[in-house]
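Each in structure tokens, the structures are laid out below.
Presented sequentially are two complexes of chain A, the first with chain B as partner and the second with chain C.
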Partner chain A sequence: MASWGEASESRLIGKRITRLSGKDKVTGKAKYTFDINEPGMLYGRILRSEVAHATVMGVDMSEAEALPGVKAVIPLIEVDKKVRYQGQEIAAVAAETDDIAKDAIRLIRVDLEELPHVVTEEDAMAAGAPEIRDWAGNQSEPGVREEGNIEEGFAEAAVEVEATYHTPVQTHVCLETHGHVAKWEDNQNLTVWASTQGVFGVRNDFAQRFELPANQVRVITEHMGGGFGSKFGPGLEGHTAAELSRITGKPVKLMLTRKSEHLVAGNRPSMTQKVRAGATSDGRLIAYDMKGYGTGGISSGAGFTGPYVYYVPNSRTERFNVATNAGNQRAMRAPGHPQGAFAMDSLMDELAEKLGMNPLEFRRINDPNEVRQAQYTLGAQEIGWHRRNNVAGSGTGVKKRGIGVGSGQWGGGGGRGTEARVTINADGTVEAVTGTQDIGTGVRTVIAIIVAEEFGLDTTDIRVKVGDSQPGLPSGGSGGSQTTPSVAPVIKTAAAAAKQKLFERIAPLLDAPVADLRVGTGTIYAVSDRTKTITWQQATGQLGMESISEGGTWEEDLRQNGAAGTQFAEVEVDTQTGAVRLIKIVAVQDCGLAINRLTTESQINGGVIMGLGQALLEERFMDPVTGRMLNANLEDYKVPGTFEIPEIKSIVFDTHRKVTGVGEPPCIPTPGAIANAVYNAIGVRIRSLPITPDKVLDALAEKKA
Partner chain B sequence: MPEKEKKQGTNISRRNFLKGVGTGTVAATVAPSVLIGSEKAADAQTGDAVASATIQLNINGETYQVEVEARTTLLTVLRDGIDTGGNNIDLTGAKLICDRGECGGCTVMVDGKSVYACMMLAMDAQGKQITTVEGLADGENLHPVQEAFIKHDALMCGFCTPGFVVASAALLGENANPTLEEIKIGLSGNTCRCGTYPFIFDAVKTASQKM
Partner chain C sequence: MDKFSYVNATSLEQVTSLLSESGWGEVMLIAGGTDLVGELKEYIETPKTLVNLKTLPGMDSIEAEASGLKIGALATITDIAMHPTIQHHYTVLAQAAASVATPQIRNVGTLGGNLCQRPRCWYYRDEATHCLKKGGDTCYAVDGLSKYHAILGGDPVYIVHPSDLAPALIALGASVKIVGPEGEKTVSLEEFFTLPAANPFRENVLEPNEIVVEVSVPAPKSNTRSFYLKAREKGAPDFALASVAGVFQMNGKTCEAASVVLGGVAPAPWRSKEAEAALIGKMINDAVSQQAGSDAVKDAQPLNDNAYKVTLTQNLVSRAAMMAAS
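After this line comes the complex of A and B, so read on.
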């Protein structure tokens, strides 16, 4: 059975190792898709509808075509067809400079006949609302699930809570917008630099779209500036870049604008859920009845979890999608979980209070997960749980502090489908190649750590090549926190196979059985007779003109599914301004074996920070009158900045020696923990994210009245 | 191109491309019936001349001569500019992210001070010393801020990193030993979406001790 070995035997695995790409990233040398400057390259731009719902009556591109420096103008929608959200594509241009492309876009005349639109869930569900897709009343068929017997459950309940929880649409805000640089050679071979989370998926998509053999499309993603679930396919903008390049015979760079990134590049759907739940007098969650909906814009997919994490024997849930004239939702970091967790953890605290029970104790009774049970103890110590207000809002003074807790659960067990090669050259150099991509999680370094550990080398001795479909070593997309658990086992077994081959070559030289050989630090020796030692260079020198190159297999024993997490938040609420200041967040995150503890901590920090943005700042504002997004920029759409960052204690809770992905789970418990801390501080519950000062002041005023 | 080779290539015509547009939810509304617009490639025709000028910029200690329009930003010159000798300037470390002076991804130093290169016109940068992230290191010796960013893993995807590195270096140039609160204020003009802030704060602190 394959194994990662004991922690005590690991020289690199589980340690804090700096990133291989660090130097390129801090010196500006790292080239992202956005940074590709090909000779003769043109700049593409897309004209988009500013109207949320309309019929296209005409598109006149003649003035744009006539502008000096414009090389191509193509339509992206046909006359008589409808646009169904602000930002939908109308036409595209390619020009010698980006400024000319901008000018050309302005010269395209579009004749739109406006149709009534609905951009909020309320408007979409209102009686007499215009139906904007094939759903009666703009609502999809509800999905209903039942477990146990809800009536019997409520009959057993000593306390009940009924509440409505809401989270708004969030956008991903990838700092590198979605985009591509496309380059054709002889109309036959297409090379695309893509800002993507899935190099091979994008390659296959382009091959299909342009009717090319897959081996004539090359997709390169050396570095990419954030995806968070929104960058799996090339999208229309990718196809358009390739089409503009095909027509003009020149490379074309087409990156979305910041505004378009908000409008059309995906979003986390909203959630509104009305829940009634009951608990027994001894603190058992006994019944849960929930009806909820969300909008993913014109698309479906607005799901969320509920009930969440805690065991409830009797439940009934009903969920449906609401169609609005807004851009499609896409997977966003732990899709469905943070919003569901916020509602569930808020509900848990409300029930606990009615029971007169400590909310942590109430969780201990109802949480079947053993890992989280241990995390509750550790997290409570780290935050100082005993300091919380026994009576919510009982603190004195203008600024009141409170402490709260929230929980999360994720899979992250990886899967098959990664091919990799580890090659040892006669000069001692080592290459590790696979078709995965480093979306910022540091998988490049993870690969180097595994290979270096296996060979007794340093990470900097390993040349790692990822983010290119050209070597023909496929790997899956980086989603579901699957990258490391999918890739690591294959790299490990490939490296082990290559090492075995090397041992077989040098065993006669050392006059020792192959099974006796071990790697030291830059050496290979016989464990039975330590005088039989040669350096790595001497060993590989035996290969002469050959190299050793081995593939690997995805050994299931090397990874594990399931990552539990718990977070504790301490906040300070200014009761005069309504501002919530985060004091501290403790994140206890299960991740199995953390191959690189340093980058794992980075991931946990990052998840917490995205979670606190959802809790306190982020919301897409749609204007019901004009049908437009009001804050499609980085000024009015608030993402966390330096001032919002509290002390964050990220605890890598590695419970076993198997790899589990950790990209998504740390963003799940944060909003619930913060919401509960705010309640503990001021004694008024905010059931709608983000918890902005206006909501706090309203709630405080209501409490007073 | 020989006919034989051509057949191995894509068979997509422009009409076919439009047909395939919007294979997602839009597909229902796009029927392959009517094609709009011109089938011919766009030709440049006469238009009003745009005011432009040839200027000299001092970037990372080197002088670049470049033709710019009045509206050309410093960032555009750094990233996309072609000098009068026909060479790409290609200093792509500074990024265009928000395009409105909000996120700091394009931060460069102008006469030692942090400046958003997306908000400065290239013409206004004449006669000033411009330092980009590419110009911070002394040959192979990284700037202490760069060293500290690597050591503390003060980056993930890295797209915002050049802006943060330059802003941090400028901050330490003005305040050699900032407190955590001063670091937060000094870097408040920069945005990171991956959430690297805690390690950035650590890195700036470490760098301040080394400088």
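After this line comes the complex of A and C, so read on.
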């Protein structure tokens, strides 16, 4: 059975190892898609609708075509078709400079006949609301799920809570916007630099779109600036870049503007849920009745979890989707979970208070997950749970502190489908190649660690090549926290196979059985006779003109599905300004074997920061009057900055030595923990994210009145 | 942005002469550009000519004398925030300057630009929205989303003035020197700013051919305590949800004189005579400070989404008063 070995035997695995690409990134040497500039390259731009709902009556591109420097203008929508959200594509240009391209799209005349729009869930559900889709109504059929018997459950309940929780639409805010540089050669080979989470998926998509054999499309993602679930396909902007390149015969760069990124590149759907829940006098969650909806824009897919994490024997849930004239949702870091967790953890605290029970104790009773049970103890110690207010809002003074807890659960077990190759050259150099991509999580370094550990080398001795479809070693998209658990087992077995081959070559030289050979630090020796030692260089020198090159297999025993997490937050609320300041977040995150403890902690930090942004700052504002997004920028769409980020204690809770992905789960418990901490501080519950000063002040005023 | 020609200014005469060639918007002035460039990129302004003021000599100085300050319009916000005399004796101004945006913006943004910056209103800044401020017939904040809009003096345009320096300078009794083709004039900074009822398209008294060249601030009395309190959603960069510039002359806990100017709540920096009256001559305690707070907002008329600003402003005024007495 394949294994990662004991911690005591590991020289590199599980240690804190600096990211291999770190220096290149901070010095600007690392090339992102944005940085790719090919000789003769043109710049693409897309004209988008500023109207949320309209029929296209005409598109006149003649003035744009006549502008000097413009090389191509193509329509992206047909006359008589409808635009159904602000930002929908109308036409695209390719020009010699980006400035000319910008000027050119403004010369395209679009005749739109405006139709009534609905951009909020309430407006879309209102009686007599305009129907905004030809293929379905504004509201989907509710999906209903029942377990147990909720009437019997409520009959058993000693306390009940009824509440409505809301989270708004959030956008991904990838620092590198979506985009591509596309280059056709001889009308039959297409190379695309893509800011993507899925090199091979994008390759296959381009091959299909342009009817090319897959091996004539090459997709390269050397470095990329964030995807969070929104960058799995080329999208219309990718197809447009390639089409403009095909038409002009020149490379074309087409990156989305920040505004477009907010409008069309995906978002986390909203959630509104009305829930009634009950618990028994001894603290058992007994009944849960929830009806909820969300909007993912013009598409469907506004799902969320609930009930979440805690065991409820009797439940009834009803969820439906509401369509609005807004850009489509896409998967966003733990889709459905943070919003569901916020509602559930708020509800848990409300029930606990009615029971007169410590909310942590209430969770211990109702949480069937053993890992999280242990995490509750550890996290409570770290945050100083005993310091919380026994009576919410009982602190004195203008600035009041509070402590709260939230929970999360994820899979992250990885899967088959990764091909990798580990090569040992005669000069001692080592290469590890696979078609995965490093979306910022550090998989490049993870691969180097695994190979270096296997060979007794340093991570910097390993040349890792990822983010390129050309070697033809496919791997899946980086989503679902699957990258490391999918890739690591294959790299491990490939390296082990290569090592075995090397041992076979040098065993005669050392006059020792292959089974006796071990790697030291830069050496290979016989365990039965330590005088039989040669250096790595001497060993590989035996290969002559040949290299050893081995593939690997995805050994299931090397990874495990399931990652529990708990977070504790301490906040300080200024009751005069409504400002919530985070004091500390403790994130206890189950992740199995952390191959690189440093980047695992970074993942947890990043998840917490995204979670606190959702908790305190982020909200897409859709204007019911104009139908437009009012904050499609980074001024009024507020993301966390250094002032918002508190001390984060990231605890890598590694209870076993199998790899589990940890990209998504750390953002799940944060909003619930913060919301509960705010309640503990001021004694007023904010049931709607983000918890901004206006809501805090209004709630405090209501309490006073 | 559209194409424009770029002229390096050589003298104020040349600048006012260039400005006199046309009305608003054809010839525009640029110093730090932190506001204007955003307007150009969003096509809110489409000038034919930009006049670079940074080439004007001697307009970036800060002179601190016993009688007061003279700050050139080209002094950067960082210059103001870091000036030792301003930090010690004109605290409200140093605090206001330090609260602006980010270090990068403060390093290039100028005093003149900060006073003359345009509103941040999300309808005004959206090219596709032809709002009242841009010559249309609707202030969209009235029926639309108004979280960041005015609660005082709005009618008919509910923008808020975004400057942090202006409330602080008005509270200190500053005046501004303006140069036009006919020569120079000095107006009190309080009277420099105007409300939309007077002119919905502009935020101050400047004519199209006039330029702000200097701000003078009288030296505060030795018993002065001053503060700038700025509430925002984000540490930085963020504009004020509401801010209070308070300058108080204190005798122990008794307030002998006070000037209280609000930011972020009205289309112009909002001098609250009501709050001042509630404080002057009083021994400041909880009750007095709270009275000052509620008097400051008694005329407030919030829109759909910004009633919280009433409470917030009230609390900030009270807090500033309590700080003066502590």
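Following the convention adopted for this analysis, the second predicted complex is superposed on the first by the 701 of 705 C-alpha atoms of A that agree within 3 Å, B and C clash if a C-alpha of one lies under 4 Å from a C-alpha of the other, contacts with A are read in each partner's own complex, and residues count from 1 in each chain.
Heads up, the rule we're going with is that contacts are C-beta pairs under 8 Å (C-beta built on N, C-alpha and C of every residue); 3 or more make two chains touch, one makes a residue touch a chain.
Computed from a prediction, not measured in an experiment: that's the story for all the values here.
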Overlay on chain A: chain C relative to chain B, clash or fit: fit
Which of chain B and chain C A:Gly541 touches, first, second, both or neither: neither
Touching partner for A:Pro471 - first (chain B), second (chain C), both, neither: neither
Partner chain in contact with A:Glu635 - chain B first, chain C second, else both or neither: both
Touching partner for A:Thr692 - first (chain B), second (chain C), both, neither: second
Three-chain overlay, vertex chain A: chain B-chain C angle, C-alpha, nearest 10 degrees: 50
First (chain B), second (chain C), both or neither touched by A:Glu211: first
Partner chain in contact with A:Glu50 - chain B first, chain C second, else both or neither: second
Partner chain(s) touched by A:Phe643 [first = chain B, second = chain C, both, neither]: both
Touch count on chain A, higher of chain B and chain C: B
Chain B and chain C, minimum CA distance [Å, superposed model]: 5
Common interface residues of chain A - those touching chain B in one complex and chain C in the other: 635, 641-643
For the chain A and chain B complex, residues of the former touching the latter: 18-19, 21-32, 34-35, 37, 58-59, 61-62, 64-82, 84, 88-89, 91, 93, 97-99, 133-134, 173-176, 186-188, 190, 209-212, 216, 223-226, 228, 236, 239, 243, 246-248, 257-258, 298-299, 328, 439-442, 598-599, 601-603, 605-610, 633-635, 639-643, 645, 648
Residue ranges of chain C in contact with chain A within the complex: 2, 120, 122-123, 126, 128-129, 140, 143-145, 147-148, 231, 233-238, 241, 305-309, 311-312, 315-316, 318-319
Parts of chain A lying in touch with chain C, wherever the complex brings them together: 50, 103, 576-579, 617, 621, 623-626, 628, 630-631, 635-636, 638, 641-644, 692-695, 697-698, 701
Contacting residues of chain B [partner chain A, same complex]: 1, 5-6, 8-12, 14, 17-18, 20-22, 24-26, 28-31, 33-38, 41-47, 69, 71-72, 76, 79-80, 88, 90-100, 102-103, 105, 132-134, 136-137, 142, 145-146, 149-151, 153, 155-162, 165, 183-185, 187-188, 190-199, 201
